[in-house]
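Just dropping this structure here.
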């Protein structure tokens, strides 16, 4: 019983790390610009399909494709930001929602046309297949890799935020955009770079997700809900918040599916609604 | 504001809604679906176009109405008008209950809450398959007639029924919009901060609007059940919430006729072009959404209004 | 940011609150009207403790304000805006069954309010199409429509072009003598013309108060404020 609990916790942790990677970009850009970007998971999808193409069609090793997944996510997000998003920073929530939902629809249909609607899979290197046994619990190698990546990214982000000049600018822009501008910080450029980073991380997440949850064109919508939950529950603009919320969500989801499968996703939505009612700004939200 | 007489164009429009009986008898089923969708969009307009509440989960009330009408028909009796009343009442009750939560939030939290409620209900219906039939939907019942008119294969009765209910709800909506309450809703939409400063109980107003919208959405859902004698899980899906949002924005929110116009255009276009590959339909809808937001922010009716003002 | 404040407005007073930017004047109004919650202390209206009441309840008790930056209803006409305030006051805004034209008394009153501010010709124009000076007047109209006993004006003359200030001054001069008015202003012309008493607020505290002559002579005030700001 305990070993199954440990197993659920482990799987939940890994899943949470994946959700964190997918969500962290959105929480920072939402916190900074208050721009409701529902197309965030489309960036993830782009990264995932980049990896699929490189591995399956061009025979690249999986790990080598990850930087490219990051890159494609970045490029697509910058392209959208420069052309469409920047015109709507002052627009209403509704307009931003509608624009980004439109982009989601377009991306889902585009990838369905390019790659068909079937599930994609990818070849993971030998070292990441299989698992290790410890104290009666089986620890999947890929999931260990995922956890390591998630922790590393979290560490880099938090350190970067605290220690670098760029990080200071990001924090200032999230806290009080007007004042940041007044201090001479180029908020628009800071935002563009942050947006690119966030989109890149989403792309990376999308690539890493293939092995865990698969990839098909509906990814952009299916995981949008989870990402939004992480962002809303964690609090806009808080990296630590999205880390905590992603963990919470990942573990609850795994535990729910294992112990009360008949409840399905009901539990997650209930927890989210309850948490938002208690703390509408998220667990660690500032505004 | 003071002129609430019917404009000639409105009268012409409603007379034209009778045309399908004569000129397009083969399309009456589609027409009844359009009328139902128009009613659903009209209900969303009340909270979105007039009060400014962004809801990504309005299908929750549509689905509630659909399922309650279906369950009534399946287990008790198949008389539709009582089904409408029950569906409206039940959706209204749930709408009233959830409105207490919804009106306390704005921006992302509001979007998430409405989305969350919708997803919750969808999951609940999916899981409670003993009651709802789960993913297969509710089947095994038939609504044979309404007020003595049999539901035939051509959809004649269906369209007459749906159109009549749509018109009745439209009249009520029209009354609401031209009433002091309607003015208050517009005030909330225009400047929510100013409302308390003129002594307005904004939250009470919003709760009322949300409840009324839920009742109407529930009635629309019940209409779907009655005219198709089936309830599919899809009535509670995010897709339905997103669709009705697109339809309303396309036609123009806050203009009373926007939802109806949007429904006509959307459903006719979908009927003509969707055909074999539904996903390509969403490609064009996505592009259309982007175009509307960037270039035509008040929908088609808004664009027409702006055009006519400039031409005048 | 307001710190420790003790402020009393006698009935029918015309007080002006002046002070440099950031002194906390608008914060004070937000606290009194209920848009901000105080950390301590209380707000009393005619002896009644209204500290726990939400903003709309205070309005019903007769406390109204205008906003420094116009808080109007862009897509409502001037008449609709004022009518809305009157209908809310009379408790008719919940009515979703009767058409607006049936509320003749309220509509007439809204028209009368517009007339009192010389805005009657703009009644059917959308708020966002009005000239800035007219919008400032509409701000006051909205507050007056609630039939207040106490009126807080937050920089009524702010941004109003020179050629439109005459109308604004006429409007302020025309305010009922039974109405208690506190206005925040940077425009010294308005202050000296209308105020019977001036309070100077600096750094969240009332530095000094007195008649206009006393304040104009006060050396501390001159140094802190009047010397630097003539017409912000």
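As written, the chain order gives the labels A, B and C, with residue 1 at the start of each chain.
Criterion: a residue touches a chain if its C-beta (ideal position, glycine included) is under 8 Å from a C-beta of that chain, and two chains touch if they have at least 3 such contacts.
Bear in mind that the values here come from a model prediction, so they are computed numbers and not experimental data.
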**Prompt:** With chain centres set to the mean of the C-alpha atoms, which chain is at the far end from subunit C?
**Reply:** A
**Item:** Chain whose Cα mean lies nearest the overall Cα mean
**Value:** B
**Message:** Averaging over Cα atoms per chain, report the distance between subunit A and subunit B in Å.
**Reply:** 33
**Geometric centre distance via CA averages, subunit C-subunit B, whole Å** = 42
**Asked** Which integer distance in Å separates the CA centroid of subunit A from that of subunit C?
**Response** 48
**Asked** Mind pulling up the subunit C residues that touch subunit B in the complex?
**Response** 33-35, 54-56, 59-60, 64-65, 67, 71-77, 79-81, 83-85, 87-89, 92-101, 103, 107, 142-143, 145-146
**Message:** Please output the residues of subunit B touching subunit C within their complex, sorted ascending.
**Reply:** 1-2, 4, 175-176, 178-184, 186-187, 190-191, 193-202, 204-205, 208, 212
**Message:** Going by the contact rule set out above, which residues of subunit B touch subunit A in the complex?
**Reply:** 48, 54, 56, 101, 104-105, 107-109, 111-113, 115-117, 119-120, 123-124, 126-127, 238, 242, 245-246, 249, 279-280, 282-283, 285-290, 292-294, 297
**Asked** Which residues of subunit A touch subunit B in the complex?
**Response** 30, 34, 36, 84, 87-88, 91, 93-95, 97-99, 101-110, 112-113, 117, 217, 221, 225, 228-229, 231-232, 236, 262-266, 269-270, 272-273, 276-277, 280-281
